[in-house]
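Read through the structure below, which is laid out as structure tokens, and then see the notes.
Here the chain labels run A, B, C, D and E in written order, and each chain numbers its own residues starting at 1.
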Amino acid sequence: QREAGHMIMAVGAPVTSIDPHYHQLSPNNAVSDAIFDKLVNTDAQARQIPGLAVSWTAVAPTVWEFKLRPNVTFQNGNAFTAEDVVFTIERLPNVPNSPSSYAAYARPILRMEIVDPLTIRFHTREPYPLLPLDMTNVRILDKETSEGASTDDFNSLKVAFGTGPYRPTAYRNGDRIEFARNPTYWGPAPAFDRVTYRMITNDASRLASLLSGDVDSIDQVPTTDVARLRADPRVTLAEIVGLRLVFLGLDQLRTANESSPFITDNDGKPLGRNPLQDVRVRRALSIAIDRKAIVDRIMEGAATPAGQFLPPGTYSHVPDVTAPAYDPDGAKRLLAEAGYPNGFRIQLNGPNDRYINDSRIIQAIGQMWTRIGIRTAVEAQTWATFVGRAGRAEYSAFLIGWGSNPDGSHPLRNIMATVDRERGRGASNRGHYSNPQVDSLLDQALGELDEGKREQIEINAQRIVAQDVGIIPLHIQTNIWATRQGYIHEPRADELTRPQDVRPAPAR
Amino acid sequence: MSAAAEPVTPEPVAPRVETPLRRFISQFMESRIAVGALVVFTIIVLLAVFAPWITPQNPYDLFQLDIMDGRMEPGTVGGAGFTYWLGTDDQGRDMLSGIIYGLRISLIVGAGSAFIAGIIGASLGMLAAYAGGKTDTVIMRLVDLQLSFPTILAALMILAFLGKGISNVVIALVIVEWAYYARTVRGSALVERRREYVEAAQCLALPTWRIIFVHLLPNCLPPLIVIGTIQVARAIALEATLSFLGLGVPITEPSLGLLIANGYEYMLSGKYWISFYPGIALLITIVSINLVGDHLRDVLNPRLQK
Amino acid sequence: MTLYLIRRLFQALLVMLAMSLIVFIGVYGIGDPVEILISPDADQAERARAVAALGLDLPLWQQYGVFLVRALQGDLGRSFVYNVPALQLILQRMPATLELAVGATVLAIVVGLPLGLYAGLKPDSIGGRSIMAGSILGFSLPSFWVGLMLIMVFAVQLGWLPSTGRGTTVEILGSRWSFLTRDGLAHMIMPAMNLALFKISLVIRLTRAGVREAMLMDYVKFARAKGLTNSRVIFVHVFKNILIPVVTVTGLEFGSTIAFSVVTESIFAWPGMGKLIIDSINVLDRPVIVAYLMMIVFMFIIINLVVDLTYTILDPRVRLESKAI
Amino acid sequence: MNTLEVQGLRTHFHTRAGVVKAVDDVSFSIAKGQVLGLVGESGSGKTVTGFSLIGLVDPPGRIVEGSIKFQGRELVGMPEEEMRQLRGNRIAMVFQDPMMTLNPVLRIDTQMIETVQAHDNSSREVARQRSRDALGMVGIPSPDERLMSYPHQFSGGMRQRVAIAIALLHRPDLIIADEPTTALDVTIQGQILAEVQKLAATTGTSLLWITHDLSVVAGLADDIAVMYAGRIVEQGDVGEVLDAPLHPYTSGLLGSVPSRNARGVPLRQIPGMTPSLLSLPKGCTFRARCFQAGEDCLQEPPMDEALPGRFVRCVRPLRATVPTA
Amino acid sequence: MTPPMIELRGVSRRFEKTLDFAGRLAKRLGAPVREEVVHAVDGVDLSVHKGEVVGLVGESGCGKSTLGRMVAGIMPASDGQIFREGVEVNTLQGAEAKRVKLRTQMIFQDPYASLNPRLRVADIVGEAPLYHGLTDAAGQAAYVDNQMRRAGLDPAFKRRYPHQFSGGQRQRIGIARALAVQPDFLVCDEAVAALDVSIQAQVLNLFMELRAELNLTYLFISHDLSVVEHLSDRVVIMYLGRVVEEAPVAEVFARANHPYTQSLLAAVPRIEARKKAFTVVQGEIPSPLNPPPGCHFHPRCPFAMPRCSVERPVLREIAPRHRSACHLNDAA
């Protein structure tokens, strides 16, 4: 067996780079979190907690001041100062070839001002309440070593020095990353001397590795096995309600008098109008779905039925919006009211390799819609094919998911806001929902520095979206990790699988 | 004297008129295993053809499925009132019905692609062999190109490009398989072409098309039939693999491969039936086809003929 | 020989050219890599920037032109996902696949040849028949299914073998190999077996057919008429003749073994090229797909060359020039 | 003592379709240094007789009866190992098709040296020397070079000479030559026949020369045995048999040879065709084609010594019929 | 005099393996590749008169079959002209060409390969006549019966397949097939070589009978001198693509002129010769790929002179109706 103090964990999604600013991708962020720190960290429930910054305040409407943590050294021994923060923010837009950069987090910042080595001020163009939230995504580099460093230099571990709990000792693309304990870590000491971080993409194989004892901890436990694993004494499950809402997008790009591409009448002829522009139809489709059945039967309990983006307990959760109740008769009535007593035909699209049980869910919804008279065809494609077509608004109804930051403005701005290239709004609004009221509320929120007021505005906007049934929320996924006996994994709402979250189980 | 005037009586080689077909059948019948496999395969085909009349449920009709009946063990009585003899999958699909319909898809895909690829490949192969020269070179370079490329990769790329769907799977399989037929047919056509009966036909001033289709083609059929059967089995297995990799037939109309891939995730959770029975069905199908093909190969191979 | 090499070279260039063009058009047709790669909350400006950064804003033919020019200089582009030169990425992953494929081939020959020989010499015996029946199974079982069954039985139930991954590797000449350590070998057994299953069947059948045919040949009878012992007849006269098809086919099959490792690698989390290509297709990482395919074609050419050269050694009748490929 | 003494040999093939009586009650003998020509039409059992002698009848064939005494030793039922030591050593065989008898993938020296070493413990050098000498003996120029060649580099006639050289390696007491010149051109056949004649005269080896060509036997053999449907129907001194055949079949056969007939005049032909060995008629097998067959031919005719040294299997042997010439 | 049934003037046939692009490039790079040309038939003059049987003799690979194919019109000549009763065959078009083509038929060597194994005898024999309108669908059966009977086959067996017949019978089927299109000229390419003597005699007799009955003309290709001697009126001897001697049959066997013919005759075993010492032509048959220069036979010829290795001897008349291509005749 392996030596004491060596833990092996397996993740389902491959890490693509050690450079923390190359590719915005959860697996990369998780690994970066082991090596680097952010000014603002997040706890398991995705709440902001001090990281390399001990405190932050808006000293003026357009000025944020961050007090930095003293006596922090990088893994190469260099001291952490405000210079490093400035260097890091300046690097964000300048990572070549990045397919998905972190530049957006630097964009609101007009200039940076080093007050003293442990105090830094960010001057923004406009009042910008989201700056601390943005800072939860920016991992701080050591200026001396990282200046001019390329992604390759990170991947070869030449410059991969952060302030985090673990130090990478080997990176093998697509296979594994080896970590060693960072003895100078400023926070609670890491639990293991050595951590091997393996990538096993196939769900069944990953679970088999855990069961055979080859690895100690895995993430993305397949829901199919949750029931059995709960009963297995050799395995401990760690579960937490996540921040990812799985929902259906509905075509609202086509006007009421246009045909939507995948909707036809019962004989397969174009309808000549877009029923999805009618809120009654949208609501009917929503209440025709038995969310509880999906959660119980398909997700095997590993999800919570939802009526909005954020789970209870998070900032800007709307308390009075719950998961729409299953009401097939009501749905039929609404359809009849809307002028479709005999329903119509629709095709429901979705990916088959992206969200937990994605293709199973759309099949189940297909069953349910068919029962209220909307004959549903179901088609699942690989994400690569699906996402492009969804982005071009080629579908009438489609399943997709959204992993939110714990702030209502995040989904509102990206998904529910009217598509507006100029202002960068509605970039993921693939159904082209549009409500000017929501847009103006969002504008207000994004300029409001007062947390309480802002939350209220965002709640109001989300309530409107829920009433409009702009999307059909299904459920919020539960994130599940499994460990072998003797280990525990602290589950995180943000889905990140980080080495520091695994610890030896306290002796019973 | 004249021996030629009085016809020479052939000696009674066989009591009745023995056609090549009859000879072939009687030779085929000699292997009990192969005959058994043929019987099994025939049953499978009949099951597939008459699926709508046999199965208790139409597994493609979402209306008849109910997720509340999902993942039921074999032998459970479901909401619709009939017994799920082989259990249900996650959608509440009766596995027995699913398997029989899946057989249908798999066979359509396998046989369909083999048939179309056979026709295309055989025509091109004949053309290459008979025309020779540049035509031959071009066709054979195409064949080389196709064969020098791993089947599964090619199919993967093509399907990624075309998108899912039964017809797309067939197209992909045809694209990756035609070359086998072309090469085989060309090979045997080149041999047959040199035989004197072709020269005799030329000598009799018969038209070229007639020589190709009446004289040459039938003599090139045996190897074609053999690789045809083997390719059907291969196509079925390949389709299963593609479905497993997430490219292949639509999820609501699962082939055996997709059923297995679906149930695969339940293997570790003890719900073996979702993957196991389709696996067995796939295995029986492919084994029976291969057994038949294998024996055909022996029977049709003149070199092993006694 | 020169002629042969020139032919091969032309063929290779042609295939590579065709391949890269097809991939370009294909990837273009499937979708937009940026859509897949970009963070969902990136706004439109960020999307445009990413598209430009990856050079995807040019018209397709220009993209292809740029690629060709670079390719001529030996640069096949950088992976969109990993930001690593695509070729380097593939070369990194190649040893894993190679050792798996070689392992499978060796297994296939070590297991297949003796069984095939036996089945060919005793075609009507119980043993011979069972071998043939078994070989049909090897042909028929879908490899992904077998893979999972292997893991279930040998790793999860019995715990004899490690379930997934490569195990301990040793670095030689800049690449990592598993087969040199005990642990690495243990990790290799199941995936290699999984990959070899089909090939074992193939070798059995080839060998059996070859033996059966060779046994009917006059030269075998003549060898016996010379008073040679049975073992010399079989292991020299028959064996050398059946080696020809076996070598050819296993050699050519080596390429498809590498291709089929796509399935095996993803089941056994074997970090080789096959897994890379599947992942790359899933995210439309075009430079990697193109480079991978070029690599495969290149390898095919090398394999063909080696097979042909072996062929000339094994079969003196063959001259390279006369093989018009 | 005769070199070879065959008594009542029966070799049958037990096939699916029935029992093929390929050799049925065949007796003959060859004295030391003598050449026996065995003639007969295709399928009459000549080759099977030859293979029976060296114990190489393939299954489903089996010697079911009879005795083969070689230099007084009984070969039927002899243990395989002892038989092997005789083959290629004391009894050698040359096959019909020179293109097929040499193993195409082994060099000539390998194929010769292994023959030498199969029967004595000569060193490779000695074996090579003997091979070289044997090649010289059959008139192959520059044998040293030729030893290093592969069969495909030889013409048909050369290959047949190599085969003969292999047969001669151990200076056998009996050579069975199964139509060794049938596949060759006339001029090449002439060369080989000349070589063989010379060898037979100098080495004192007995020779069983199987052929369907009466003219070859006429020029080469001392004695002749005519086979029909698995049986020897007539046997005796070459000159006597050819000049005054006793069996109607022999006579018919001779009549069928064009050069025995006047130009442009119809040939004297035997009507009908050879019966299938699967279902031989009772009694005389030639009955159906015989111009003088009668009731008594329904009885199995015994092999009679009709004239001194002349054996014939016919109840109504021709006596005074003198062939047209 | 009526024009000969068939006349060949300077007919050649080459088989070439030309170089492709890669080949030319390799050649330029100095690789030892070259265009390979086989002169299967090299400048042959030959005529066959109506009612005549001409025997064509030569060793394996000397181009007999190629010549036969050209005569039968299933292979075009590379050079030279072929006349059918004075009309150059190449100039004919359409139906006329087809008619002329049908009048020459071929009988093949291999009784197994020359019949399509998947057709019944009735179809093998009846297909072409029906197609060419020599009979109609109604009369086809009777027509086929007739042809079979004429070739000595029992029409009762016309529903059988070729594999159910013996070699001699198959050869008869081949003959029936040829006769069914009513030819007046038969090219027999080793038509009896694969048959046993007793069966060979039957088929040879059939040929002779048909000749008398139908007034057929034959080009009889064989390597068996005794068969040729028995059947032919005139013998043509080929060596490596060229005619070396041509004379009436008796003349050839009595007074062979060309050294090759002489060696050939000497090498043939004869049934009359008991315990004879076989004489030997030295050397192997050269490859037609690179035949020796000058007289093809000179490397094996016992009388070769320096001239023989440079100059090709012409076929000259050395006696009435006796032509030979040998430099020795010039010296004499």
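The rule we apply is simple: contacts are C-beta pairs under 8 Å (C-beta built on N, C-alpha and C of every residue); 3 or more make two chains touch, one makes a residue touch a chain.
Not measured: the values here are computed from a predicted model.
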| item | value |
| --- | --- |
| Joint neighbours of chain C and chain A, given as chain labels | B |
| Pair joined by more contacting C-beta pairs (B-C or A-B) | B-C |
| Farthest chain relative to chain D (centres taken as mean CA coordinates) | A |
| Centre-of-Cα separation between chain B and chain A, whole angstrom | 46 |
| Whole-Å gap between the CA centroids of chain C and chain E | 53 |
| Computed distance of Cα centres, chain E from chain B, in Å | 47 |
| Contacts with two or more other chains, residues of chain C listed in rising order | 30, 148, 152, 156, 266, 281 |
| Residue list for chain A, restricted to those that touch at least two other chains | 204, 208, 211, 353, 382, 384-385 |
| Contacts with two or more other chains, residues of chain E listed in rising order | 166, 168-169, 202, 205, 209 |
| Interface residues, chain E side, partner chain B - complex | 20, 69, 72-74, 98, 101-102, 104-106, 108-110, 113-119, 127-128, 131-132, 148-149, 151-155, 157, 159-161, 163-166, 168-169, 172, 174, 177-178, 181, 202, 205-206, 209 |
| For the chain B and chain E complex, residues of the former touching the latter | 2-11, 13-14, 17-20, 137, 195-197, 199-206, 210, 214-215, 218-219 |
| Parts of chain A lying in touch with chain B, wherever the complex brings them together | 203-204, 207-208, 211, 222, 224-225, 227-228, 293-294, 297-298, 352-353, 359-360, 363-364, 366-367, 370-371, 376-382, 384-385 |
| Chain D-touching residues of chain E, taken from the complex the two chains share | 59-60, 166-169, 196-202, 204-205, 208-209, 223, 225-227, 229-231, 249-250, 263-264, 266-282, 284-285 |
| Parts of chain C lying in touch with chain A, wherever the complex brings them together | 30-47, 49-50, 53-54, 78, 80-84, 89, 92-93, 96, 148, 151-152, 155-156, 159, 162-166, 176, 266-269, 271, 275-276, 279, 281-284 |
